[in-house]
Structures are given as C-alpha cells and as structure tokens.
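Both complexes shown next keep subunit A, but they swap its partner, so subunit B is in the first and subunit C is in the second.
Coming up: the complex of A and B.
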C-alpha cells in the first residue's frame, strides 16, 4: 500500500467534513487486471482459426450421433471379453511392480547424491540434478515410443520408460525431503568423526526411509496408471489391447478395459493410502 | 544419569562381562515383518513372471549409446520450424484444456466443499473426481475422438475432463482448509450464501487456486505431447511418425524441443506460482 492511499481519508477530514470516504483501493490492481487480460488474450490466441485449436462446431453437431452411439456402447461393457483381458492386466501390474522396484534401488543412492545435506560437493550434486531435470521433462509415453524402436516391442521398453520417469520423480521428492529435514543428527554424527558415507549410512538413510517408501507407493500408483496405456506405442500391457479394440471400434470392449483399470487403480489407491497412514 | 551396567533396564544398552556393548534388542513388529515378506514375494514374483527378453538387457547400454549417437551426432535442424509450430499446437491444446477445465472445475469444487454444497451432491461429485483421476487422459481422448475426430480440440477436451478430476479435488480441499473467520464475518454482516462465496471464500482461496491452475497447465503441457500419439496433432504426433520411420536425426531435434519447452514453461510457471503464494502470505501478515 502506498502512502497516498493512507493519506486520502486524512485529507478529507482536514477539509472539515467527517471522513465518510472509504480509503482508496490499494494500488497495484492493474496487475490483476493485466493478468486476466493476458489470460484472455492467450485463450483467444489458442482459439484463433488457423493458428490455434480449431473448434469446428459444425463437425461437432454432425458427429454428435456418432458420439452418442459410442457412449451407449461404452455403457454396455462386453463381459465376455474378460478372459482375454486377464493376461494384459497382469502384465500391466508386473511392469508397474518391476519398474517401481528397480526405480527404488536406483533412486536411493541418487537421492542421497542429489541432496545438499548428504552430498556437500556442489558440482557433482548439480550434475545429477541437471540430468534428472532433463529426464523428468520427457513424458513416459515418449520414452516408451523411442525405447520400443530401440529394444523392440514388449514389456522391456515399458519398464525402462517407467524406471526413467520414476527415478526423476523419486529423487527430486526425496532429496527435497532430505534437505528440509533437521540437520542436528547429521551434525552429531559428523562431530563424532564419521565420514560422509558413514554419516549418510547411519543417520540420513534411516531418517529418510518413511518418506522414501511413501514416494515409492506414490510412484507405484502412477506406474499402474501409466503402464495401462504404454502399450499404445507397443510397450506391453493393457495398452496393446486398447489399441486393438480401438482400431476395431469395439467400444463395448474398451468400456470393460476402462472399468478394469478403474477398479485396479481405485483399489491400489485405497491400499496405499491405508499403508501411508501407518507409515507416516 | 545412571550407569547402564548398574541399572540394566529393559531395552537399554548393556555391557557383557568382556565389556562389549550389546545394543538393545530391536522391538518385534510382526505386522511389519509380514508386510515386508509380502512385498518381497510380490516383487520377486513380478520379476520372475514378467515376459522380458533378459538377454536383450545385456546389450542395452551399447544400444542406447548407439541410438543417442544417431540422434544427436548430426541433428537435422531443418525440422526445427515445423517442430516449433507443432509444439505451439501442443501448448495451445494444453492451455485451452486448462481454461476449460478451470471453468468446469471451479463451480463443481465449490459444490463439493463441505459447508457450501448439498451433502448428497458432495458425495457424488467426489466420486466423479476420483473416477476421472483414475482414467488415463489418453483413454478419455479415445472416447472423445468419436465425436470430435482426430483434431487438437479432442486433445484439449480430454485434458479439460482430466483436469476437472484433479482441479476439483484440490479445489474443495483448499476451500475446506480456509479459516472460519472471513466466512463468519460475511455472515455476521448479513451476507447470503453467494455473498459468503464471493467475499468470504473466494479472496481466501484465489492464490491457492491460481497456483493449482498454473500447476495443472504444467501437467497439461506434458500430457499434450503424449496425446499426439493417438493422432490428435501436436509435437507427439510428429515424434511418433518420425520414430516409426526411424529418422533418428530428426527425433533428436524433437526431443530437444520437447525438453527445452517443458523446462522453460515449468520454470516460468513455477516462478509465477511462488510469487502468487508468497505475495499472498505477505499480504496476510499486514494489519
């Protein structure tokens, strides 16, 4: 608030009137207005024909019937399709579990490496962080589509894609947690003559474990959700099936697949939130 | 402090006759042991049963190096203008998806918040948010494309639907988390329900909402690249086709563009979010 705003009612009082004038609105309101204007302008730009997302309402009206048919098909799941979905569903879960386990093993030392309190070397720390920032910027499905071309179709590229993605997330979250933790115990261990490795092993690791398990659970949830669609690019699991039923327009079968993913994800969420309550 | 040797309390460190320190026994936690056994069994079973050509793993490092070399040794920069154009389409998709998601999710999150919406509706909306969050956006896009076809609009709508799930949840949690003070003040001054929302709730949650919106935009930027894989356009579309034709020198350029744009948008939006939240805090401490 600037001085002028505070002065306004006082000046009104000195003129002899009682001061019914409310104080002026604080300055800096133009920022909010400018912000909303920028949002509106950008939205208009994304809607502009030719350069943005084309919104063709005519096509919407024409295809509405088509969409309604698909939604009717979606509401009638083809239960007889269930036996064929069991194996891909299991593969999806296997990929998620294996990827989470590998990511856990890889990210435990990397987290210690990336946190200021457990790795005093600024350059080495920065290198790990920089690489992981880049790794995190690429979505998992893009990794999968490139990895499928590298190592062939199947579960392997899917797992590798998930591991890359998970390590990026876990190391970031756990190293931030390490840096936020109280340094008393670390200092005590260092004062007792421990080397950095000993200090990390005996103090930092036990301290970070609950948070670490927590993040692994979170990543497992992400993995189940992600691995169900990785197959769209040939990386194994449920996605292969989704791709198949999609190209035959079998929306009744797609609906069963969606239901299964939904049930698995919701069950996993319930289990992991129960586990998390006991953990933290 | 008593000497541990003279007062051998249960659980305290004891000395044997030879003088070696015996640590206290670890507390028995049968539940934890059963849990870790289950986790080990599940993980081992998954490793053992998953259908992987493990022998391919051996030459994976050399393969990765070879492909990285193919991608980045002689990048084909002639594809850059097209890549930037497609990236803009992806970002436009993400932005429109975010805006549409905000427009739908904000009123719904007010209705889903305890104390502001009718109770039966609240439960239904929360279930809806949970269900939407459980379905990957690419599947939502597959459903929507039967109406809108393979256009960027499909992508934007899929992101909007998915955004309703997350924004709705964050929204009602934020609304329920505000202090009672402003709401009671508006009520005491004679404000009706809408007045409470406008003057009690809205100013309190706006900074948090702004931060959620920006964060959701960051998520959408990533997801919009992915949505290209099913053909709705944008950088993902371009990346898939060049990967399929194994034009690695172009794929390298595309990956660089994706990384640079994502990191830049994350940085800008992150800075803005910090400013929103810290600005709000600074204002809150003023008398």
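Coming up: the complex of A and C.
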C-alpha cells in the first residue's frame, strides 16, 4: 500500500466535512487552582511565626552531638539483653492475636448492622454508625491509658484498647464493602421469603467473608505494632520494657527491641499477604 | 399433573415430595408510581390461570419488570390489588408476606447468586421461608431441605456441580442454579424477569426449555418477561404485551403475528427483536 492510498481518505475527510469540534470543556477548572492555592495558604499559615507550629530547625544543628550519640548506641544492639525480651514479645503477640479474634467476633454482626444493604432499619443503622464513629475517633493509646486506670496495669487493658480500635476500623471498612457490593443476591433471598437475618446469613455473609478476613489480617498487623507501644501507659507487652530501658537511657537495648519488632512485623506481613492471596 | 418425571440427566428417582397446587394470579387496576414520578404500571388488570406459561413482552421501560415484582411484593403498588393464589399481596406485611414469597420462586436477568457461596448453599436459599431462623443462622439445614435442594439441582442437570462455587460457573449454568433455587422453594408460581437476556442464543434456549419443563412437568404457573418475540412465541402459552405501563395485547402466544409485536412495541420489528438460534 502506498502512502498516497493512506493519505487520501484523510484528505477527503478534511475536505468533505468540517473539522470535528469537541463539546465545550465542562466548567470547574478553577477547582484545581483553588486546591493548590489552599495547600499553599495552609503551608504558609503553619509556618508563620506566632500562630504556626514552632519548628526550630536550628535545634538540629545545635544538638547534633546528642543525636549522634543516640544513633551510635542504637547501631550497637545489646544482644545479651535478648532473653529478657522474649516474654514481653510473646505477650505482645498474644495481646494482638486475642484482640484480633475478639474484634472479629464483635465486628461481623456489627458490620451487617452498619451497612445500608443489609440493615434497612435507618435508626438502628444510624445508632451503630454513630457509636462507632465515636469509638474510632479516640486513639488507641488514649483508650489504653483510661483502661489502665479502670482495670489495672497489665495485658487486659491493652487487649480491650486494641479491640475497641479494631472494631472501629473493621466495621467501617467491611460495611463500606457491603454497601459497594451487588445487591442482586440479597434481592433473590428476600424474594424467596427470607427475614433480613436469614438474607444476611445465607447470602451476604458468604460473599463478605474474603473481604472480612482481609481486614482482620490487616488489623492483626496494626495490633502487633500498636501493642508494642501500649505498654508505655502500662497496658502490657513490649511497651513496659521499652519504657524501662528508655528511662535508663539504654539505647543499645532499645535497639534490640526495635529490631525484634521489625522482624515480627516483617514476618507477619509476609504471612498475611500470602494468606490474602489465597482469599481472593 | 405427573410428578415423578425424569430430570435432564435421567438420574432422578421419583420424588416423594407432593407438588402443591399451582396458583392463579389476579391483578385489578394496578398502578405503580415510583417516588421520582415515573408511572411504571398504569391500570393493569389481568387474570392468569393456574399452570399457564405466560410470556410478558414489551420494550425496556414498558413496566414488565415492575409488574412481575408486584406479584411477590418486591415493588409495592400505588393503587389496585394483586392477588396470588387467593392471597392479597398488596395487604400482606411481615410474616404473611414472607410466607407468600416462600411459595413464589423468582429468577432474575443477572442470576443473583451469592458468588462466593457453593451451588448447594445458593439452592438452599430457596428453603429460607420454610426453615426456622436459627437453622439458617447455623447453616444446620434439615436432611429433608437438603433432599429438596438435591432434587431441584438434579432437575436442571446441575447436581454434579453442587460443591462448586457459584461464581465459577458459566452464565447458563448460573441461571440453571437460580432455577434450582426457585424450585427448592417448591413454588406454586415462578416469576422470571428477563431470564435469558444475559445469555447467548443456544444457552438461552436451554434455560427457556428448563423453564418450560418446570411449567409442563410440575404444572407450576410461570410468568416470564421477555423482549424477544421468537422466544415469547415459542415458549409462552399466552402472550401479554405491555406498552407504557398498559396491557396492549393479551392472547395466545403461538399465533401472535409480527403485526401484534409491532403494536406492542409501537414500532416496526427489527432484526435484534429476534434471538434466532
């Protein structure tokens, strides 16, 4: 085929009818401009002396000697400290696992309650969502410190804090997943004469389970991270030990603890992503 | 009506489950108006006899889907009455409505199976109205419910897939499972809303034949929404044409001419109004 053959229809098209005119671009380009302006204004505001956050970069330069000492200590983990870390580490893992299991049992029915598609009762749904919004708004460390005052020092307040934290996350994510899912099977079960409870159990639950397990694995990972610091406020696990070594400025021991947490988190991530692949 | 007829694969033992008497349908001046102001049904009055296979034909937006959903209360009527098997659907609420729905099977265009559940679990959904809630919650189905589910699956030739995940089946197979789910209800009427619109022509004929066997062998009243005129002619014993929410044709399906369909559609027949084979 020659070049002329290819070119001809194009030229004919140009000659035959007017050049194509796209529809007018929709309005709203100012949004992008306004967005960037807002980001710039916020940045300027937070940096402004007097009203912004007081960041003194000079401190870095003045105290670099201090920081360098810590880093040197952190680079030399005290391996002999290992035996004393085993028990707190296991406690941390136990707290994370127990909290995840309890949170799973609690969040399964709550997720169905919080989703529009599986709970047509508006008031009930609103109540569940409202309570969970409050639950989610409180950080886990705050739960732990209040619960330590309520039930005493140890793993129990830590587990309770993690459960509250997890339920907030899992119910939100799973109920959103339920609302995004196709409602055809729900309609079919309703058409077969099922009560809402029967419809949810026989159709919604099987379809939601992979996503539900997925979120539980995710909060298990979060729990291991979180439970290693909850001890800072007395809620058991690694954190108690972290608090102790830190107050004696034993950064070599702290560095071993950090390494251990790192290893646990990496292993857990590998395991859970392998498990997740099987879920799909 | 003969009961112990062979299923597709010829493996079915004769059923001990008595087939309940099919239900008639009676609609009087039914109007359905949606909150957005659209009038889907505009004064429909119909009497469907027990054991009929009724093809409801109309363009999309003609009110077919709304009409079939008024028969089991999925769409509430604005005015008028719907009686199915002598029970007033429009007045039924709560337990009474669920009991009524339990007697009426429904089949959907998009199959509406729980994709992650097994075929058997999906068919057992057809037993919910006949089972106490605690049994459904625990998944503790009675041996009899399971037997009914197996028989329903066998009847559509899907028994060997009982433990497969529903989403792993082809479209035609999924629709067969959906028919089995409806049959597991031991229904007195079956409603099918565009059951073959998502299927290719040979599969569509297979599914329509299954529906016809449900009607002929079990004697169950079948109401099926279609938009293809050859399917309506071939499988329906009676044809009802809907246009803009009104019944514009009601007569035997087999001898409905192209003119009849042109009247129903309000335009001339096009090639895509026919499925072919």
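To be clear about the criterion, the second predicted complex is superposed on the first by the 218 of 280 C-alpha atoms of A that agree within 3 Å, B and C clash if a C-alpha of one lies under 4 Å from a C-alpha of the other, contacts with A are read in each partner's own complex, and residues count from 1 in each chain.
Everything below uses one rule, namely that contacts are C-beta pairs under 8 Å (C-beta built on N, C-alpha and C of every residue); 3 or more make two chains touch, one makes a residue touch a chain.
The structure displayed is predicted, hence computed values, not measured ones.
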Q.
If we overlay the two complexes on their shared chain A, which of subunit B and subunit C does A:184 touch? Say first, second, both or neither.
A. second
Q.
If we overlay the two complexes on their shared chain A, which of subunit B and subunit C does A:63 touch? Say first, second, both or neither.
A. first
Q) With the two structures laid over each other on chain A, which partner does A:106 touch: subunit B (first), subunit C (second), both, or neither? A) neither
Q. Which one hits more subunit A residues, subunit B or subunit C?
A. B
Q) Thinking of the overlay built on chain A, is A:131 touched by subunit B (first), by subunit C (second), by both, or by neither? A) neither
(Q) Once chain A of both complexes is superposed, is A:207 in touch with subunit B (first), subunit C (second), both, or neither? (A) second
Q | First, second, both or neither for A:192, with subunit B first and subunit C second | A | second
**Q.** Partner subunit B, residues of subunit A touching it in the complex
**A.** 1, 39, 42-43, 45-47, 51-56, 59-60, 63-64, 66-67, 69-71, 74, 90-91, 93-95, 97-98, 101, 133-134, 137-142, 145-146, 149-152, 154-156, 159-160, 225-226, 228-229, 232-233, 236, 242, 246, 251, 254, 258, 261-262, 265-266, 269, 275
Q. For subunit B, which residues count as touching subunit A in their complex?
A. 35, 42-43, 46-47, 49-53, 56-57, 60, 63-64, 67, 88-89, 92-93, 95-96, 99, 130-131, 134-136, 138-139, 142-144, 146-149, 151-153, 155-156, 222-223, 225-226, 229-230, 236, 239-240, 243-244, 246, 251, 255, 258-259, 262-263, 266, 286
Q) Which of the residues in subunit A come into contact with subunit C in the complex? A) 182, 184-185, 187-195, 197-199, 201-204, 206-207, 209-210
**Q.** Contact set on subunit C toward subunit A in their complex
**A.** 72, 74, 98-106, 108, 110-117, 121, 124-126, 128-129, 131, 133, 136-137, 139, 178, 181-182, 185
